[in-house]
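Attaching a single structure in structure tokens format; questions to follow.
Labels A, B, C and D are assigned to the chains in the order they are written; within every chain, residues are numbered from 1.
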Amino acid sequence: MDLDLDPATLAFRAEVRSWLAANAPTGLPSMDTAEGFEAHRAWERTLFDARLSVVAWPEAFGGRDASLLQWVIFEEEYHAARAPARVSQNGIFLLAPTLFAHGTAEQCARLLPAMASAEEVWAQAWSEPEAGSDLAAIRASARRTDGGWLLSGQKTWSSRATFADRGFGLFRTSGERHRGLTYFMFPLRAPGVAVRPIAQLDGEPGFAEIFLGDVFVPDEEVIGEVGNGWKVAMSTASNERGLSLRSPGRFLATAQRLVELWKASPDPASRDRVVDAWLGAQAYRLYTFGTVTRLASGGSLGAESSVNKLFWSDLDIAMHETALDLLGGEGETAGDWLDGYLFSLAGPIYAGTNEIQRNVVAERILGLPR
Amino acid sequence: MDLDLDPATLAFRAEVRSWLAANAPTGLPSMDTAEGFEAHRAWERTLFDARLSVVAWPEAFGGRDASLLQWVIFEEEYHAARAPARVSQNGIFLLAPTLFAHGTAEQCARLLPAMASAEEVWAQAWSEPEAGSDLAAIRASARRTDGGWLLSGQKTWSSRATFADRGFGLFRTSGERHRGLTYFMFPLRAPGVAVRPIAQLDGEPGFAEIFLGDVFVPDEEVIGEVGNGWKVAMSTASNERGLSLRSPGRFLATAQRLVELWKASPDPASRDRVVDAWLGAQAYRLYTFGTVTRLASGGSLGAESSVNKLFWSDLDIAMHETALDLLGGEGETAGDWLDGYLFSLAGPIYAGTNEIQRNVVAERILGLPR
Amino acid sequence: MKFALSPEQTQFADTLDAVLAKSDVARAWAAGDHEPGLAVWRQLAELGATTVVTDGEPVDMVVVMEAIGYRALPGPAVETVAVLPDRLDGALLATVALPPHVPYAVDADVADRVFTVQDGTLFEATPGKRVASVDPCRALFEVAATTELGPLDGAFDRGVLACAAQLLGAGRALLAKSVEYVRQRTQFGKPIGSYQAVKHHLASVHVGLELARPVVYGAASGVLPASAAKIAAGDAAYRAARTALQVHGAIGYTTENELSLWITKVRALHSAWGTGSVHRAKVMEGLPMK
Amino acid sequence: MKFALSPEQTQFADTLDAVLAKSDVARAWAAGDHEPGLAVWRQLAELGATTVVTDGEPVDMVVVMEAIGYRALPGPAVETVAVLPDRLDGALLATVALPPHVPYAVDADVADRVFTVQDGTLFEATPGKRVASVDPCRALFEVAATTELGPLDGAFDRGVLACAAQLLGAGRALLAKSVEYVRQRTQFGKPIGSYQAVKHHLASVHVGLELARPVVYGAASGVLPASAAKIAAGDAAYRAARTALQVHGAIGYTTENELSLWITKVRALHSAWGTGSVHRAKVMEGLPMK
């Protein structure tokens, strides 16, 4: 399949492919174990040293100023090589876009290189026990103190928080529901912070609860204006749902493995499910190239990111279910496919449940009444 | 498959089977044409003369006092024989249960035999332009006059009204939303009544609009008490959604035809859809026998009829879609299967849309908050 | 492959739609009165829409067929625009049967030229018995081959892609009509479009169409097989049709409402030019092991 | 076939559930501490639940397995209750592998007796390597056949039916837990169970389970093949599991919440004792042309 890529992008693709073939490790332990976390951190450092950790970032922060198209191509190669999952993903895909859009030059210079090299690994801290889909119901608070703020409260379902270094999320600085929130970064390994790991379906503590009791953070840990946290968070929330966290490469690689699994032992009754999985990945790829083209000509990624999320989350589950069904009695024990399956199950839940996303599509894109 | 039927029921089944084999016509023109309507009316008369038109009714009204179980068996045989669709169905399946429950002895004696022989064919008149899912929004009114009522207003989507003799529905006798409604029967061929046929997807006028301008009906055409029409209608609404209008026989017969279609030219990729169709029909059959058993021991068919309706309406469409897909390029022209397909499409809409039925299941059966 | 239409293509699509939007010719066509529809086809021909395959980029053909699908224009569109444009010889409309997947020639009673393709060879043909389609605007005819005209390469694939584009356009129209209806239809005192069930139905339709579109255009660019386009657009449009009927309720079930033109056409096109099963078999065959 | 449980069967089910409801033994079992679970199994054995196949009506076995599924009791339930009850010889638990569809013997580390069935012949067996299941309560073991014990008729079909009944019970539990959760969990100021999307998800689960139940009991009565039961109950329970996770959100994704016991077990049982494809092939094979 020829996408008529320009020579520079083709050269970039070739470089990434050969570098990954030579360098990408396989079989790292789960990043949600202490040992696996450090192994993944070390791998990200290697990636960073090859300037492949954050290719689309400015060179000053460890990137290559690559185009968005090249980043998508990088992701295709990364997943095709079955290179390790990115332990730094909460930082580089969720926090970094916010820093680029709303952070100060000082914040960017101080935080981004260490994020890109995984010297500092970040955990997201969006949810609270009473604030899931209803994120504006946040209760955790920030109280003004000399030169900074005292953070208190409880965050939950914080991915990577079990082993990460720092967190980011919204805290209440006044009583107004949406306008009383401020975007903070904070340490996870500091006095007053307690992290309680929570085991996920695979048995590993992929997320955690974070308890904060008057944890001091200086003023420079606020992103954007005080009281403007909701808008700051929402302006880049589409990154989580849309392009960055789920690039097509992941699904293309899974689809190819599924086709190979089927062809190794073709069950005609399952053929259509396999074709649909493959086609879904192709569709998402071309759709993404369309989005990238639009963004490159100055468009923005708004409610449309909900379309992405609905599609990839359903596709991901369907592909893994198909694989498990193809495996028959071995489906119950199929390590890699089961890991991917359990991971896929979180797709329709996190980053805004799919029910919320369908509301967004209906109201903001189709214009249906609230 | 042996259901351990009692000897009387087995004998009844044998009688029905052999009578239908000898008498059931095939290839009648559509009942929604003038010619077809009369052909169907004549067939129902033949059926009535064999006392097979309304087997579960009392003998006095033309039935056999058959058990509900036997009625289900009758339906299986009727559909397996591919006997004609019942032009009298609105009367015998929707109005008759209401008359049995709420009608006077005089009404039953006067109306039921002529209904059973199709001497009088009935049309339902539930919907109005502004009252579809929201049936209590009815505006058509009944005004008191000497010895009776004057009906005025507009009804729509009235099945069979194009050629039928009489109609039944709710009319407003006071302003209260639910309690201001009264259940009336009325003539369709009388001064002041105008019927405008409406062509359905198959091009035939399967339903119609009814315009009533001060149409006189005597007091004996009210069922139940004045102002109690909503309760009267709802107490037997489950018949439409549940057992009677969609007995398992219809789906068993369709499933068998689908299996034969598939086996004549087996496409392995479609096998599972065919099996699921067959299994769905079997499930609905056994589920119905369970319902019949429960009703026979004094249970009632309430919100559970919504479960029926959701199941059979989805099943019906899935079976016909599968058949059309199996037929390839001929699917576009497949007379019988297309007729059945277009018919099936109405399933999730009429007798309360499936969206309303899912609300009912969630709220009344599962107890979720309104 | 380009991932956006060029300004010229966008303008061409707008021009076509302006012509098509003014036409309300389908009911007349179904009743055998072809003249109003033929007038629209003449306008399209003047705009070059029936010769884009020979004159333009492959994507242009998809632009034309999507526009035709969006407005449910009757006539042998796939056949004239995509399959036989170089056989028109100045005529307006052509039609063709390609057994087994296209057993009949649509609108052979009105097409200027009638063909059949057998095993890759094109024949002139004469129409025989008429067969009823679920879409009253599609008059189907059996055909008998007469003069052999030689090989016709890629005819089926071009037809498949054109059919996919037509389905995509029809699906988009069904969604647009549904959105419009549920915003104004009220029940229980509020627009039915404010109910979450209706919202979610239509949101799913939107997602399906949004992801089908790049597959259709990708197939036009040669990045994906034509079969992929038919699968994606066929399923998305069919879902749009089913949902449109469901949210419209009984009014969508009448031929009085224009919705039925799209609903029956999508059902017909879903069966025409190879079913999902046919095309999934083709796609799987072409998939590499690595 | 009877279409309702007898009063005795209903009472038996209630008695079993009273025993099972008091047990919270799954986490211990998963951690290798079998004693609390074995205590429950001893109570079940005293009630005759492990010998219903030899002593009772076929439907009784389904009653037992549905009850076990509802409470997610760990242990080789299908194997002990349905496949090998006449091979217990006074022991509490037995397990068996039946390749190809049951490649491993579950809980062979704790079962008193271990078997394998090859081509319809029963062998004593010794457990080998342990293999991890998605359900942490299912310890799977490779087995090696030792002494031949002769033919064992109907073993696979009995296992399939028992697995279907267990799935049906698990599906019902998942729905009950979901209903309970969405009634009390509030977001945006109201219970999430008042949102139409949540209502419709759970209504569909209910319909699936309601229609699967008569298929399972129909298979127990010989009216339908065991494969039909596995298809219907497997799909209904799987849908219940997927929906339960979705309406619970992240809390359902933790092993701290008991929901995960059912979710992972349903996924495992969906794969065990023959997949949907295996059983659909069997059903189709058995369908008459008329």
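Everything that follows uses one rule, which is that a residue touches a chain if its C-beta (ideal position, glycine included) is under 8 Å from a C-beta of that chain, and two chains touch if they have at least 3 such contacts.
Composition by chain, UniProt nomenclature: A, B, C, D = Acyl-CoA dehydrogenase.
From a predicted model like this one, the values you see are computed outputs, not experimental measurements.
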Maximum centroid distance from subunit A (Acyl-CoA dehydrogenase), chain identifier (CA atoms): B
Length of the line joining the C-alpha centres of subunit A (Acyl-CoA dehydrogenase) and subunit D (Acyl-CoA dehydrogenase), rounded to whole Å: 36
Whole-Å gap separating subunit A (Acyl-CoA dehydrogenase) and subunit C (Acyl-CoA dehydrogenase), where each centre is the average of the chain's CA atoms: 39
For subunit C (Acyl-CoA dehydrogenase) paired with subunit D (Acyl-CoA dehydrogenase), centre-to-centre distance based on mean C-alpha positions, whole Å: 48
Interface hub residues of subunit B (Acyl-CoA dehydrogenase), defined as touching at least two other chains: 269, 271-272, 355, 358
Junction residues of subunit D (Acyl-CoA dehydrogenase) - those touching two or more other chains: 195-198, 200, 276-277, 280-281
Arrangement of touching chains [line / ring / star / complete / other]: complete
Residues of subunit C (Acyl-CoA dehydrogenase) that touch subunit B (Acyl-CoA dehydrogenase) when the two form their complex: 99-104, 131-136, 138, 140, 187-189, 192, 195, 197-198, 242, 245-246, 249-250, 253-256, 260, 263-264, 267-268, 270-278, 280-281
Subunit C (Acyl-CoA dehydrogenase)-facing residues of subunit A (Acyl-CoA dehydrogenase), complex: 1-4, 256, 259-260, 263, 271-272, 274-276, 278-280, 282-284, 286-287, 289-290, 292-294, 297, 307, 310-311, 355, 357-359, 361-363, 365-370
Residues on subunit A (Acyl-CoA dehydrogenase) engaged by subunit D (Acyl-CoA dehydrogenase) in the complex (per definition of touch): 127, 130, 132-134, 137, 156-157, 198-201, 203, 207, 267, 269-270, 324-325, 327-333, 335, 338, 341-342, 345-346, 348-350, 353-355, 358
Contact footprint of subunit B (Acyl-CoA dehydrogenase) on subunit A (Acyl-CoA dehydrogenase) as seen in their complex: 268-269, 271-272
Contacting residues of subunit C (Acyl-CoA dehydrogenase) [partner subunit D (Acyl-CoA dehydrogenase), same complex]: 195-197, 200
